[in-house]
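Residue numbering begins at 1 within each chain, and the chains themselves are lettered A, B, C and D in the order written.
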Amino acid sequence: MTLRIGIIGCGYKGSDHIDRVANRINGATLAGVADIKQELAEKYAQKYNCKHFETGEELIESPDIDAIMVVTRPHDTHVPFVLKALEKGKYVFSEKPLSTSADDCKRVVEAETKIGKRLVQVGFMRRYDNGYRQIKKAIDEGTYGKPLLLHMTHRNETTVSDYYDNDAIVETAIHECDIMHWLVGSDYDKVSCFIPGAQTKYTHEGLHDPQVMTFDTKNGIHADLEVFVNNHNSYDINCEVVCEEGTIALTSPIFTQVKTQERAQTSIPQNDSFRFRQAFDSEIQDWVNGVLADHLNPTAPTTWDGLMACVAADALEKSRDNGFVKEPVVLPERPDLYKN
Amino acid sequence: MTLRIGIIGCGYKGSDHIDRVANRINGATLAGVADIKQELAEKYAQKYNCKHFETGEELIESPDIDAIMVVTRPHDTHVPFVLKALEKGKYVFSEKPLSTSADDCKRVVEAETKIGKRLVQVGFMRRYDNGYRQIKKAIDEGTYGKPLLLHMTHRNETTVSDYYDNDAIVETAIHECDIMHWLVGSDYDKVSCFIPGAQTKYTHEGLHDPQVMTFDTKNGIHADLEVFVNNHNSYDINCEVVCEEGTIALTSPIFTQVKTQERAQTSIPQNDSFRFRQAFDSEIQDWVNGVLADHLNPTAPTTWDGLMACVAADALEKSRDNGFVKEPVVLPERPDLYKN
Amino acid sequence: MTLRIGIIGCGYKGSDHIDRVANRINGATLAGVADIKQELAEKYAQKYNCKHFETGEELIESPDIDAIMVVTRPHDTHVPFVLKALEKGKYVFSEKPLSTSADDCKRVVEAETKIGKRLVQVGFMRRYDNGYRQIKKAIDEGTYGKPLLLHMTHRNETTVSDYYDNDAIVETAIHECDIMHWLVGSDYDKVSCFIPGAQTKYTHEGLHDPQVMTFDTKNGIHADLEVFVNNHNSYDINCEVVCEEGTIALTSPIFTQVKTQERAQTSIPQNDSFRFRQAFDSEIQDWVNGVLADHLNPTAPTTWDGLMACVAADALEKSRDNGFVKEPVVLPERPDLYKN
Amino acid sequence: MTLRIGIIGCGYKGSDHIDRVANRINGATLAGVADIKQELAEKYAQKYNCKHFETGEELIESPDIDAIMVVTRPHDTHVPFVLKALEKGKYVFSEKPLSTSADDCKRVVEAETKIGKRLVQVGFMRRYDNGYRQIKKAIDEGTYGKPLLLHMTHRNETTVSDYYDNDAIVETAIHECDIMHWLVGSDYDKVSCFIPGAQTKYTHEGLHDPQVMTFDTKNGIHADLEVFVNNHNSYDINCEVVCEEGTIALTSPIFTQVKTQERAQTSIPQNDSFRFRQAFDSEIQDWVNGVLADHLNPTAPTTWDGLMACVAADALEKSRDNGFVKEPVVLPERPDLYKN
C-alpha cells in the first residue's frame, strides 16, 4: 500500500515537504495540496500531478487523502487543522510549534486523549538529526558520565521584517525547548530569558537580538542558549553537552575543505532546510512508516511534546517581560497516553 | 507508477541495496530477489514480502520485474546478467566493476550499442557523493583555477582472506580509476602501480599492501593514489585536488565532536556503506528516476565508463607486473551512444 | 646590561618561571631564589648556579637582585612582598591574583601611586597569548562588527584537595575576570555566580563543581563562563566572541593530527604551563624588556588590573552566597597613573 | 658567560635571525653583523648597537665574536665562510642548504673531520618543530606500528623571479631531503623528480611548477612530495606518515577560528618565518646551548646531514633531467665523527 499524503501550506517549509514527499520518501505519494493562496497550491498540484484542494478542510475530508501534513503559517493556524484531522480519525503531522499558545496545545491533548490513540506527530525534526541522536545515545549510555551542563546557540543569518520578540521564542527557541529536555530526559524546573544591552545593528523595531536564555531541569542540569537571528553570518546551530568525563558537541554537515587565500575553510549552512535535510527526511519517513503500520513510533514527538515546549516558551516570555528572573515551568498532569 | 525492482545478489552489498530499495527509495518497490544461495534469497523475500526467484535469469525474464540490479559476487558474474537484461530490453543497474576484464565490458558496449539506447547504469556511486560533487563543481567552474594535481587515498580497515593483488586494483582502485578522469574531464594517458618495500604485517600471502598508483591524463594532470586495504585504522577515503589558486579536499561525514581524555576527536567511517550512504541512496534514486522516465540521466555512469575503468585497471596490473613503469592506457573508439 | 632576577616561590608555577628565566628569556639571568621551604630553594640555587636567600625579604633587599618575581602560595602572600619591593624602588612581577582580597590590592595601588611610577606587573599572562591577542585585535578593529556576547569555559582536569569554592573564583575565574573586560574594553556593571544542581561526582567537600558565572559590562556586553575544575578530561580553555557579523574563538595549540581506531584526533593540553607556554614566555620577556628600559609596557597588566579582577571576584562570591542574583561591581576612582 | 654571536648576511632570513638573537635567545648577545651590502649591515649594527664588520672574514676573525651564523645568499657562499670559521676553531651555524653542491659539502666534512670535533650545525630547523618532533617520537616508539608511506607537500605562495628549476630542489625540497630520512631513520636508496604536463599559469620562464618527487629509503619506505612554489594560496607544509595502525600528520599553527560569511575558517601561514618561528627559536637556542657547553647537541643537524641532503638533491636533478626515472642516491663512507 502507498500512503496518500495531503499537505496544507505550500510556503517555504511547505514546499520543502512537498518536494520531500514527492521525491524522497518511500511508501508514500503526494496526493493533494492546499494553500490559502490558491495559485500557489495550483502551481504545486500541476508540478507534481496531484489534487488541488481549495481549503485545508476539504483536503482533510477527502477520501483520496489518507494522512495530512499541516505546514501553514502563522503557526497558530496549525491546531484547527489538527483537530479537524482528529475528528476524521486521520493521522496528522503538524510542523513545529504545534501552536503558539499552551492552551491551544491542551485542546489537542484533550481531543487525542479522548480518542485514546496517538494520531498526531509534531515536527521537532532535530530528534531525527544524526548529531543529536549521537549525543542522546552518549548521554543515555553514560559514555562520558552523567550530563551536567549544555551550551547551545541558535543562530540565523537574517529574519523577515514581521519577526518579533515572541518569535525568537515560539518560532526559534522552541526547538531548544524541545530538544534540551529530550536529550537529558528530565522536565524543566525553571527557565529565563535575558536581553543584553549590546544589540546588533541589523535588528529591527520590535525585535531584541541577540537574546540569552537558560533552562534548568528538575534533575539539576543547566543549559544556556544564545538566540541570535540576524547574525549576518550563517545558520549556526550548536549544542555542547558537558558530562563528568568529557563533552560531546554537534558538528555541521560539511563535504569538503578548501584552502585558499591563506585560509583553510569549510562551509556553514545557510538555512535549516540544508542543515537538517537528513533530519527532515528521517522524520517524515518515520511518520510515514508509523502511519502505514497504524502505530506511530513511540519515540516520535507527540502532542504532549508540543505542549511541553509551549509551556516552556510561555515561561521564557514571562521571564523576558518580568526582569529576566527565572520563571517556574508548570506542566499539567501527563495523561497515560503520553507515557512511553 | 511504481517501479518493480528485482535484485540479483543478496550478500554484503546486495543486502544493503535491498534495504535501500525497500525502505528509502521513492517511486520503486522491491519486487523480487535471487541469489545463488537459495536460503539467503528466501530470507529476504520473506522479510520484505517479495518474490523469490531460483535464478537470476528467471528474475530477469519475469513479467513482474521491471528493472534489475546486479549485485553478484565475484564481479565477473555481472556481465552475463547484464547481457541477459539487455536481451529482454530491460533497464539494468550493475554494481562496480562492470567486469574484471575490459573484454567483457566491450561485449556489453556492443550489445547496448546495437540496441542504440542506454539501458545500463554502472555503480560508480562516488559520482553521487556530495563531496566529490562539490569538488567537480569547483573544477568545472574554475573556482580555484585549473586543476594540476590530485592526491588520493583508498584505505580499508581489513580485507577478506581471498583478496589478492588484483583485487587491490579491480575491486578497490577501480573507484579512483573512474572518479579521477571524471573529476578532471580528461582520458588517461598513462598509469603506474608501485609496490613499496615496506609492507604492513597485517597483510596476507598473495596481497601486497600498501600499493602506490599514479594516473596521468591526456591534459597533463597527475594523480597519486595510496591503496592500503589492511590499515587497521578506518575506511579513510581522501581526495585533494590542487588547483592554481587553492586546493579542495573531501571530508568524511561526521555528526559530533567529542573531547575526552585530553583529546578532541571525531569518528572516521568503518566501511563504505556508512561513508557513502548518501551517495548510494542518490545513485539508486537517480537510476529509478531515469528508468521511470525511460531515459537514464545523461551524467549517470555508463557501460563506457565501466569499460574505461577496466582498461585503466588492466594497465595498472601490467605496470605492477612489469617493473612499475608507466603504462599507456589505450581505449577503443568511443561509440556515439556514449558521447554526451 | 643583563637583568638580575630574583624569584620568590619555587613551587609548581615558581619552578616553571625559574626554568623560563634561566633558559628562555633574553636579556636576563636568574640571580637568586627563595622559598619558605629552604631545601626547595637550595635545590634550584644549585641547579642553576644562583644565590639562595633564606627569606623573600632578603632577596628583595639584596644589591645582587635588580628585579623580583613573586610566585608564592597561598596567593594572599603576594602583597607583602610586592609592597616590600616598592619600598626598595625595585620592579616587581606578581603572579595572579595580585591578592585574594580587593582591600589588599588597594594598598598596592596606594603605594605605587605615591611613587608615581608603575613598578608592578601582574601575571595575567593570557593577554600575551597569540589567540586572545588575535581576538582583541579583531574586536578593536571591528573586523566582524562590534562584540555582543562572549562564551567562555575554564576547565581543569583536577584540583588539589584543599581547593574550595572561593578558589573557583579567586584562583581560576580570576583569569576571565581580567580577560573579559580587557577584550571588550569596558568595565563591569554586574556579575553573577550560579551553582547548578547537577554536580560532578569527582568533586570534594567544600567545592561545588561546575559553577556558571556571568559578566555584564557597562556597555552592555554579556559573557557566560563555565568553571569546571575536575572535568576528568583536559585543560580546556575556550573563548568565543560573538560579533555582529561573525564569531572569533580561541583554539588550543596542536602540532599533529592522528587517525587511528576509526578516529581522527588532536590533543588537548593537560595544564596551563603547556597551554600558555607562549603566553608565559612573552609575558616575562615583555616585563624584562620593560624593566631594562626602565619603563614597563603601558599595555602590560597593572596593579589596577589586579584590583579590578579582585573587585569582580568579590562580587561573584557575593552572588554565589546570596541566591545567585546579579551583583553590581563597584570600583573606586581610577588614579591617573593607571590611565593609558 | 654570554655568547657573543656574529651574523654574516642581513637579508630576509638574516634579519630574522638578527631579531631572534637580539631579542629572544637566552645566553647570547648579538655582537656583530656583516653583509656584502654595507649599508644593510650598518643599519642593523646601529639598530642593535653592535659592531659592523666590512667582510664576513673580518667578523669571523674578530676576537669579539665567539660564534658565527652564516646566512648569506646565494647558498653557495656558505661553505667558504664555514671553512674559515673552522680554520679559526670557532663554532659556526650555516643556514640550509650547507651548499648547492655535494662536493662543496665534502670539503667541510673533510675539514671538520680533520679537527675531529663537530663545530658546524646546519639550519635544518624543521627537526626542531614541535609537529615533526611528535611525528618522529611516534615513529621511534612505534605508537602506530612501523611507518610505511609518507605524503608531503611543500607549497609556497610565490617565488622571486630568479628562482629556477634547480631552486625547487636545492632551495625548497632540500628541507624534505633532510626531514624524510631523519624521520624514518634510514638512508635513501632512490629518488625521482617528475614534471607533470599541467603547470600553473603563475610560474615563469625557467621554472616548472608544480613538480612531484619521490623518495625510497633503504628499508623500503616510500615518500611522495609535491613541490608547488607559486600556489597563490599559502605557505602550506604538510607531512603525513602512514603507519601500520594509524597515520600522524603535521598541522599548521593556528590561534583562533573564525565563523563568518557562511564559513568556518582558520588561517594558513604566509611564510616560513611565521610557520616555523618556534622551530627557528628552538634551533638557535639549542645551538647556543651547545656552543656554551662546548659540545653541540648530538642530535643537531651536522655537516654530514648537509651533505646527505645535497647528494639526494643531486640525484633528484639527475632524475628530472633524465626522463624522470628513479636515480640511486650514493653516499660516501660515513666518518666516525658523524656516527651518534
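Note that a contact is a pair of C-beta atoms (placed from the backbone, for glycine too) under 8 Å apart; a residue touches a chain by one contact, two chains touch by 3 or more.
Here the structure is a predicted model, which is why all the values come from computation and not from measurement.
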{"item": "Intersection of contact partners for subunit B and subunit D", "value": "A, C"}
{"item": "Comparison of A-C and B-C by number of C-beta pairs in contact, larger one", "value": "A-C"}
{"item": "Chain located farthest away, centre of subunit B as origin (C-alpha)", "value": "C"}
{"item": "Chain centre separation (subunit A, subunit B; CA means) in Å", "value": "38"}
{"item": "Rounded Å distance between subunit A and subunit C, as computed from the means of their C-alpha atoms", "value": "44"}
{"item": "Centroid distance [mean C-alpha coordinates] between subunit C and subunit B, Å", "value": "57"}
{"item": "Residue numbers of subunit A (touch at least two other chains)", "value": "233, 236, 245-247, 259-261, 266"}
{"item": "Contact set on subunit B toward subunit A in their complex", "value": "2, 22-26, 129-131, 133-135, 138, 144, 245-251, 253-261, 266, 285"}
{"item": "Complex contact set, residues of subunit C against subunit B", "value": "157, 233-234, 236, 252, 259-270"}
{"item": "Complex interface listing, subunit B residues touching subunit D", "value": "145-149, 151, 153, 194, 196-202, 210, 212, 216, 219-222, 224, 226, 228, 231-233, 236, 242, 244-247"}
